[in-house]
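The two complexes that follow have chain A in common; it is paired with chain B in the first and with chain C in the second.
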Partner chain A sequence: MSRIGSDDWVEQQELRSEYYTGFTGPARKAFDRVGPGPRFFAFLAICAIFPFFPTVADSDFLIRVGVNVLLFALLALGLNIVVGWAGLLDLGYVAFYGFGAYMYAWLSSSQFDVHLPTELVIPIVITASAGLGLLLGLPSWRLVGDYLAITTLFFAQIFVELMLNLDRLTPPWRDEPLDVTGGPNGIPGIDDMRIFTIDFEQTRDYYFLLLAIFAVVVVGLYYINESRTGRGWRASREDPLAAELMTTPVNRLKLLAFAMGAAVAGLTGSVFAAVQTGVFPQNFEVALLIMIYAALILGGAGSISGAVLGAIIIAAVPEILRTPENARYLFYGVLIASLLIVVRPWKRVAGIVAAAIVFGFAAHEIVALIWPDVVVGVEDGGLGGLLDSWVLVVDDHETLVNFAFVFLVAAVLILTQLRGESRMLLLIPTIYLAAFVWENRLVAEPSVTRQLLFGAILVAMMTKRPQGLLGTPRVENPI
Partner chain B sequence: MDVDFFVQQLVNGLTLGSVYALIALGYSMVYGILKLLNFAHGEVYMFGAFIGYFVLSALGGASSPSIPVAPLLVIMFLAAMLGAGLLGVVIERYAYRPLRNAPRIAPLISAIGVSFFLQASALLLFTAQFRTYDTPQLIPIDTTGRIDAGPLHISLTRILVIVSTIGLMIALTLLVSRTRLGKAMRAVSYDREAAAMMGIDPDKVIVATFFIGSALAGAAGVMFGLVFERVFHLMGFTAGLKGFTAAVIGGIGNIPGAMLGGLIIGLAESFSTGYISSTFQNLIVFGILIVILLVRPTGLLGSPVLKKV
Partner chain C sequence: MAALLELKEVSKGFGGLQVIGHLDLTVDEGEIVSVIGPNGAGKTTLFNLVTGIYRPDDGDIVFGGQSIVGMEPHKIANLGIARTFQTLRLFLNMTVKENVMAATYGKTKARWWQSALRTPGSRREEKEVEKLAEERLAFFGKRLVGYRMEQPAYSLSYANRRRLEIARATGTGPRMLLLDEPAAGMNPVETHEITDLIARLRTEGGYTILVIEHDMHVVEGISDRVVALDHGVKIAEGSFEQVATDERVIEAYLGAKAVRDEAEEAGE
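Showing the complex of A and B:
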């Protein structure tokens, strides 16, 4: 809502100049000014390191992470078609992924004793997923926005429920129950892929297979986005009514977006099934959907490179969190980096860090004096003995840490509202509190930390930078 | 047909329906004013249930409560409603208000993020274990704690839930139709800008709406805990979905509609569990929703929306 007596354009300019202030301002400004073309080529250049990853990564674990990153990138690219380009909030996306995986499992495992050649299975999976996408896209003709979101979410729920419960199905023409999906136990023992005499046995092989698929999908999507179809999608996203009047076939384009997104997801799902050599209903739950959304939103919906970048971050960071040692470096690194971005002028950062360190040592000493039995040191303190006497690690005081967590959330929320000196003052104990909660609780529970992180990412990105890291800011008319 | 079984299912359905109706009211009110689907509402309900549980255990637990049962229940409800209401206000302030004029998709994604964050927080704070209210200890289900009518036995807890839901709904209807705040709410939901020009502060009204809606969800959480006893960190997600379903079936933004929708969903769920199969109860509920959404998107009691160009 614009202020009375001010011009829309002037106000936007003012907001923009306010936005690009501080230490990182010029860099962000320059970054946002780079056009989509150069950005895409920079992205391709970065992607060129993917093929060399397996030669550097020596352990199976790292290859596995690489496969995960690629799976995520493909999923985010598929979701980007529906959410980013066509602007349809599809919360049933993860069902297509699951459907592709189950299709592959049905057609090449001992579940029904069907072992079709992979060259045949993959087209079947893609066609079937696209068909399902068309079907689920149909509600988008009548429903928009929230209603579409909730309807598709129900489809996702129904998919998981069906996969969980279709293990004792008794069709009318049979006497004994038929096990279609294996229920909660899923379908194990899925065949490896074998495409034209190439056997895919190791995770490393699948990495290259995924890379090939990734390359095809990225290039294909790039050209589709540049084509009439892509323009049609964007037009119907911005204003469906106007687009319809300009003879854009809005409804057909919506279906096409759903079908293409579903096809990409289904293809990814079939590779996932082969890599995992099994499919289980819990692989396709809403948590995964949130992760894909987090990847897309973080990178920037509507941008190919953004989707890929988001997927890399979302899929790789949790792996770092897995070992406390690396998680610790990541935490303090991110803490300082975000200080650099948030605190202005940036010279203050040094002062704040110093103050936080002093504050920490003092707090540690005082608590150690008053309740010596509570304090235990950091186990294998990563940053030398420094952390040991800085951050408090308490023994067996879950309630205390729980309260600290609640206070931390409250403090961060209050921080976003404060300006000036009071903000700096509150920042110091908040940093310490964050370190306290981190060392006492989060570092030991990577899965919860991951969830907290994704939820926070979605909210923070939406409120601070809705276009994501690599997206281009859009001017939209709020309705 | 077994009448006793039928009546049991009916009472079950009414109880569940009451819980869903209360959740639905929160969705409906928020949607009516902001046109925002508050995905985090289910999580607010879950937190309400936990607050009720912790008040109960702080006051001695179900087996040896330190104060009489009636005030204990009142305190549980009040604490849960207050806590949930404040949580709702905080969510609105930090996750939705900055996005007031953003494209519609932005607050929706933010809401999903809040929901995920709250779920993870609950997992961190309360761990993954089930907590039990242990209601039979609190309100015995022997002859003193239930009503007998021939072969039928209806537990007092369920009656309490149904009656207090009706009470809350009457209070809400009066609030919306008779008070200044209610008038302001209706005005803001009708046209926010025009209301602002008439001297109504939309932000205040929105905060009040979030508080009331979330408080109702908190009450629903305690009711769920009292009847079904188990509370856990994932309870908000499906309950939230069903509450939204109820709101949509009745016609979103419409208070009597939310009550009707809640009852329909509750009854459908309990009868499909009782007569068809418990594994497919969610499928049946979601199936009903999809059909209603596609056939009559404005719900049973909703009025058609005019589209302005």
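Showing the complex of A and C:
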């Protein structure tokens, strides 16, 4: 029942103020209150750190991570045009990235002995990718949602299959087969970029090139989003029929979104090909597509800064996980942070943490008394020393840990179903179990851990903050 | 007065169902015409035909001396036909102001690369569009201006959403407005306000208006002419009094028995 003289906004005010409870409430409220404009400038200020990264980063490896972050950020920005703004579920996106990379390879390697100047290759790649984007955009005139997703996913798969098998193509005018893509071996030995007089040889050079591209793309996209084109995209995403009847040429704008996203991906692909000095079909598989989507969803689809933040997280976190010590900080950090976010009030958080610590020491002592030969210490250094007598690390009992893992999953599932005190009680051993599984198994296997971690982050994100870290909350259209 | 919109012998069927049959309808420049009829009479289909969502099976639709049959909907809209929807179809996640600004797409020219480069032309145009949106929203008094302009459209109340739909339609710079049940779901005060509003749209905005309405007080208050439809066929046309007392109209709404009963009562 609505009260007389009030509208939804006023009514929801109470709901909204209830939403910001708990001691993180003020912070979240302040964060949500910052308008998109100031948010964007804060984002630019953060981006200003990028140019100084290579002066701080001492190793080639770190620069390489920086390059990966920028590649990912550009891909997420391109995808954001199609998915975040125009609202078209494009699962063929990764093929444009691959197409750009292969185009660059064909035009500047010994594969066909073509070595065009880079300042000519780049426009060709951008135009060709945009053209391919237009072509793939055509089904979007008739298909929406899931149907479009399936169609475009086929395109991505076809691309990989073609690249794998076009190493022995026999055109009608030739007798012997022609090696177009190098098949599974890809095209190695791609030329470095050379734009006018600047040679790009080291990874560091490419880092700055990518940074320049990134700056141009971010600023350009920001202005486009603010313009009639951006409004047209958002209107067609919200309600294509209403947009069309409000003078927006929806079909043309869909194609434009596809072409622009493809152009960004193609350009990124050509830099990727040059920096890797080779292209291989497995670089452009669906796994990469999922990671780009994860970056966009995590950061917040529809927001430029969100796409970039998501890309930073997705590209940088796996690198942090490479060393067990960093991974450990990340794990316990995330554990405590999520406790702070989910459990309120703070007294309860303190209680749970204290109980988990006591529980851990007790469990450790008991097991050490009963089976002293099983328990081995945590390796030294940093957090390891602190955790040594808290968490159990067992020697050579893989099956036991595997069972513990299954128990952990079960415990988490039960936890979501419980309410009140029993939930808090079960939470304590669950935390300990998580630490146990982590120390015994996951720390040693970063590849598995990173998949699990991303899965967990995305699930938590979708339930707690479906709009993503920097996204704006949206309502579903009732029709 | 010259005819602005003219439907000649227009027919439309879905499968075996004839929704509109050989309909002739003329709306003159500056006129307010109401379309009434029971549910399923084909009123909304009529709007969908005029705005180009459906293509008529037969007949011709002429707007401003030009046949619009087979044109893309956004081109028809750009010629000057704007509409609202019976079930509201706002861009809910865009701000109130952006909703109106989005409707100016057809009347603006900046291409995407000009916007990306912030050319003086594109910036000027953007300012004009923003001003126009604020003007259109100010038409509804204080209801849609101020802090509300920057709020997402989903935060508006139902009545304000209806107002915003009209504001958005006027944002396209139309010559003619098609209003699909503007008073649906409104309380009596708001309904009364809509009656005034539609009159103001003509006098101040200069729009020709074709309106579908079920509320007979609104129809009586605004219409120069009323057209009654039943099963896609025009059963009566004329002033409100003529149509309201037309036997076929009463029969369409209440059934043949009610007409007989009334006749008997009158006979006693």
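Structural remarks
By our rule, the second predicted complex is superposed on the first by the 453 of 479 C-alpha atoms of A that agree within 3 Å, B and C clash if a C-alpha of one lies under 4 Å from a C-alpha of the other, contacts with A are read in each partner's own complex, and residues count from 1 in each chain.
Following the convention adopted for this analysis, a contact is a pair of C-beta atoms (placed from the backbone, for glycine too) under 8 Å apart; a residue touches a chain by one contact, two chains touch by 3 or more.
This is a predicted model, so every value here is computed, not measured.
More residues of chain A are in touch with B than with the other of chain B and chain C. Look at A:R234: by the touch rule set out above, it reaches chain C but stays clear of chain B.
Of the two partner chains placed around the shared chain by superposition, neither chain B nor chain C is touched by A:L400.
Of the two partner chains placed around the shared chain by superposition, neither chain B nor chain C is touched by A:A215.
By the document's definition of touching, of the two partners only chain B reaches A:G145; chain C does not.
Of the two partner chains, chain B is the only one touched by A:L413; chain C is not.
Residue overlap on chain A between the chain B contacts of one complex and the chain C contacts of the other covers 241, 474, 479.
Against chain A, in their complex, chain B makes its touches with residues 31, 35-37, 90, 94-95, 98-110, 112-121, 123-125, 193, 237, 241, 244, 248, 279-280, 282-283, 286-287, 289-290, 293-294, 297, 309.
Taken in their complex, chain A has these residues touching chain C: 2, 7-9, 12, 220-221, 223-224, 226-232, 234-235, 238-239, 241-250, 256, 260, 472, 474-475, 477, 479. Note for the complex: chain C touches chain A at residues 51, 53, 72-74, 77-78, 82-83, 85, 87, 89-94, 98, 101-108, 110-112, 115-118, 122, 125-126, 129, 148, 151-152, 154-157, 160, 168-169, 171-172.
Contact residues of chain A toward chain B in the complex are 1, 83, 87, 89, 139, 142-143, 145-147, 149-151, 153-155, 157-158, 161-162, 164-165, 241, 286-287, 290, 293-294, 297, 402, 405-406, 409, 413, 416, 441-442, 445, 448, 451-452, 454-459, 462-463, 466, 474, 476, 478-479.
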